[in-house]
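Think of it as A, B and C in the order they're written, each chain with its own count starting at 1.
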Amino acid sequence: MNLLELNFVSKKFGGFTAVDNVSLKINRGDIRFIIGPNGAGKSTLFKMIIGVHNLNSGQVLFNNQNIEKLSLNERINLGIGVKFQAPSVFSELTVKENLILAIKSKFNDEIFSFLEKFGLEKDQDVLAGDLSHGKKQWLDIALSTISRPELVFLDEPTAGLSFEETKKTGKIIQDLNGEGVTFVIVEHNMEILKQIAKSVSVLHLGKLFFEGSPKEVLSNKEVTNIYLGIL
Amino acid sequence: MIILFNLFYQFGDALSFLLLAAIGLAVIFGMMKIINLAHGEFITIGAYGTVVSAKILKLPLPIAMAVGVLVTVIFGYILERIIIRHLYGRPLDSVVATWGISLIVSQSFLVIFGPSFEGLQTPLSNFQLGAYSYSQYRLLLILISISILILLYILFLKSNFGTLARATIENPKIASTLGVKVDKVYTVTFCIGSALAGLTGAIYAPTMTIVPSIGQAFIVSAFVTVVTAGASPFIGLIPAASFLSLIQTSVTFYYHATIGVLALLFSVILIIRFLPKGFSGLLIKLKK
Amino acid sequence: MLKKDNIFTISVFIVLLIIPILFDDFYINNISYFMIWTFISLGLALIWGMGGILSFGQTAFFGLAGYSFAIISINFSDIYAVGIWSPILALAITAIFGAIVGYFLFYGGIYDVFIGIVTLAITLVLETFMAQTAGPEWTVGNARLNGFNGMQGMPPIGIKIGEYKFDLQGIGQYYFIVFLAMFLLWLLYKIKKSNFGLILLASKEDRTRVESLGHNVKKIQMITFSLSALLAGVSGILYTNWGGYITPSSMGLIASAMPVIWVAASGKNDFFSVFFGCILLVYISQTLAVNGAQYAIILMGLILVIVTRYFPEGIILMLKKLLTNKFLSKK
């Protein structure tokens, strides 16, 4: 059964079509990468699915339920987590308070295990605004996953991370996936794609351009070409 | 025919009042995103500047009005230099600071000039049409308000300064890397806004009782008009002012002036609720 | 556990509790008056300091509560225990009105400076409306609204059981206000530390991110707005009870600037600073106003400008932090 299903969704900004008739199915347990050059419409597609942008046309089904009429927080509460492209943690709250906000309860073991998982246990009383870039990214990912949603969207989770940090991020995502969380990830970093992707969709000029296994995508000439700007 | 003229006169009078009350506030809000809560006191300064120069210095009225405008500009300039410019990027704080300035100025006028001040005669004469009598000066005000709008339109949308100013508003960082002196643009814009408020005070001075709270007669109309106009006052100002003066004239016509003001305040609350981006937002949407 | 942060709060309340032993009724009544204004200020600190939402029209709720209390208690003055349920009813009306306005604002997508303008418009509507109710046709039941001059002659808050009668006046009123303030400060600290408070603080930084964690930010802002209206209403009722009158000018342009000044100058992010600073500033205004209200208003305007320009954190909060670091941080 599909966890998420998009049917012909489109989004226009003024006269400009940022997402054009995209249909997509995500299976439970998948780690789906969505790649494509800058401006392809990846972030816009995310925001349409979770309800930051409303659709101009099309359908969004989550667990076979139509969700395009619901507000952002209602969709999240169905079991969706999201990390936006720009790292957005609450800089005036401590790391611990950030996580409490995300899990919607008091400090508990779950929070402690997440602090450990992301290597943030020493920083729990530090203001999130004072964290390094890498740790902000991790805290941001922790915020979007701590309530154990069925489906998590990550928009460029490894942007600005070092090679080692990227590897560790991949490992964490894989662990969570092993615990049953389905991921949809926008990335430019092909290393982490090779490391953890189970399937890949390529978006180009707002349209779905190619779909397949990581191997198929990486060996596809046309996909390489759009990244090089030839197509 | 006479009834038609009468309606036109009432409507034009209300319209020019709203436009002139709002214009200085609109320039500063439209370009700098600051709501100047001391706007009413800028108008007060223009009015007192005019009356004091005409009564005490015995200057001829047009020159006295010019003095009124000048004094307001100088005041606006100093204020921008010592306070407002330090609050760019903190819009709520700049609004709060201008509220403090408003209190200081209005109460200082009360201390310095007392609760009222001998006013001026309304210049030009009245004329009779049927049963009604009309002031030529007020007709002139309608013309003036429209000419000011045209001038501003040219200044901000057609001139070199206007291009710079709009670029600065759009993106101050990029503008400054392109060599625009962002500080200067803000200062000049704030001074233009002050000049317009001063002008409003100057030209209405001969038609009103001169009291320290004279600016408060304008402030509510000014807020209402600017908020109704929305995020781009240059587009929204005329439709907003027309719409509001239509409401005010008709309500005042059927009931009385206080209810007219109430209707005005009430309509702004409703407009913000249903058109949060005001008339300019509506127009931009319709264009698309 | 006694946190060092609480030392100031506790000392101030100890002083407030022993004041009646040292001073006579005249001073006690004056201090009651200063403290009455702390509730509207705490409400503004809640919505502005914690929620990042600046309302210019808290006086609308102040006035609404004062007038509702006056109208209800005049009309039902011979009904049992009116002195207790009329203020409660007035508060309920105010909180509901606050919730409606909040619904209108936050579900309508109104934010930032426009909230200030709309709330200011609301308080000016109420002022303008009440000021034109001078005519005899403006009565609610037995209560004349009385236009510009305002209402008076309402029975005080209190209770009458048989022969025994207790009115909220004098020293009783003083202690009532002190205990109410203690309770509300405690409650506000609890809110600040709760998940509700976290959501509010976080939504000040990034509304969408908070929603994307599954929180209904609009609802929480609406509830907070209603709470802040309720607190303004507490001030309005106590003010009306204290002086025995309420006038439209309590909702006017100058009156509505005052809470903003007190809260900004004291330190909007700290409830204790707001409580203490508000008492101090009202005292200063009151003292200066003896020579003419203009001078007090000019000073308040100056304070507001200087604070926003140079001490955006607020003066009392700044001093409190300074003292804490100097004397209390030797671990």
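The criterion applied here is as follows: a residue touches a chain if its C-beta (ideal position, glycine included) is under 8 Å from a C-beta of that chain, and two chains touch if they have at least 3 such contacts.
What you are looking at is a predicted structure, and each value in this text was computed from that prediction instead of being measured.
Both subunit B and subunit C are touched by no common chain. Think of the whole protein's Cα atoms as having one middle point; the chain whose own Cα middle lies nearest to it is C.
Set against the C-alpha centre of subunit A, every other chain centre is closer than that of B. When C-beta pairs in contact are tallied for every pair of chains, the largest tally goes to B-C.
Averaged C-alpha coordinates put the centre of subunit B at 33 Å from the centre of subunit C.
Taking the mean of the C-alpha atoms as each chain's centre, subunit A and subunit C sit 44 Å apart.
With centres defined as mean CA coordinates, subunit B is found 49 Å away from subunit A.
By the touch criterion stated above, subunit C contacts subunit A in their complex at residues 195, 198-199, 201-202, 204-206, 208-217. Residues 33, 35, 83, 86-87, 90-97, 99-104, 107-108, 110-111, 216, 219-220, 223-224, 227, 258, 261-262, 265-266, 268-269, 272-274, 276 of subunit B are the ones touching subunit C in the complex.
Residue ranges on subunit A touching subunit C, taken from their complex, read 50, 52, 71-73, 76-77, 82, 84, 88, 90-93, 97, 100-102, 104-106, 143-144, 147. Of all the residues in subunit C, the ones that touch subunit B in their complex are 54, 56, 104, 108-110, 112-114, 116-118, 120-122, 124-125, 128-129, 131-132, 253-254, 257, 260-261, 264, 292, 294-295, 297-298, 300-305, 308-309, 312.
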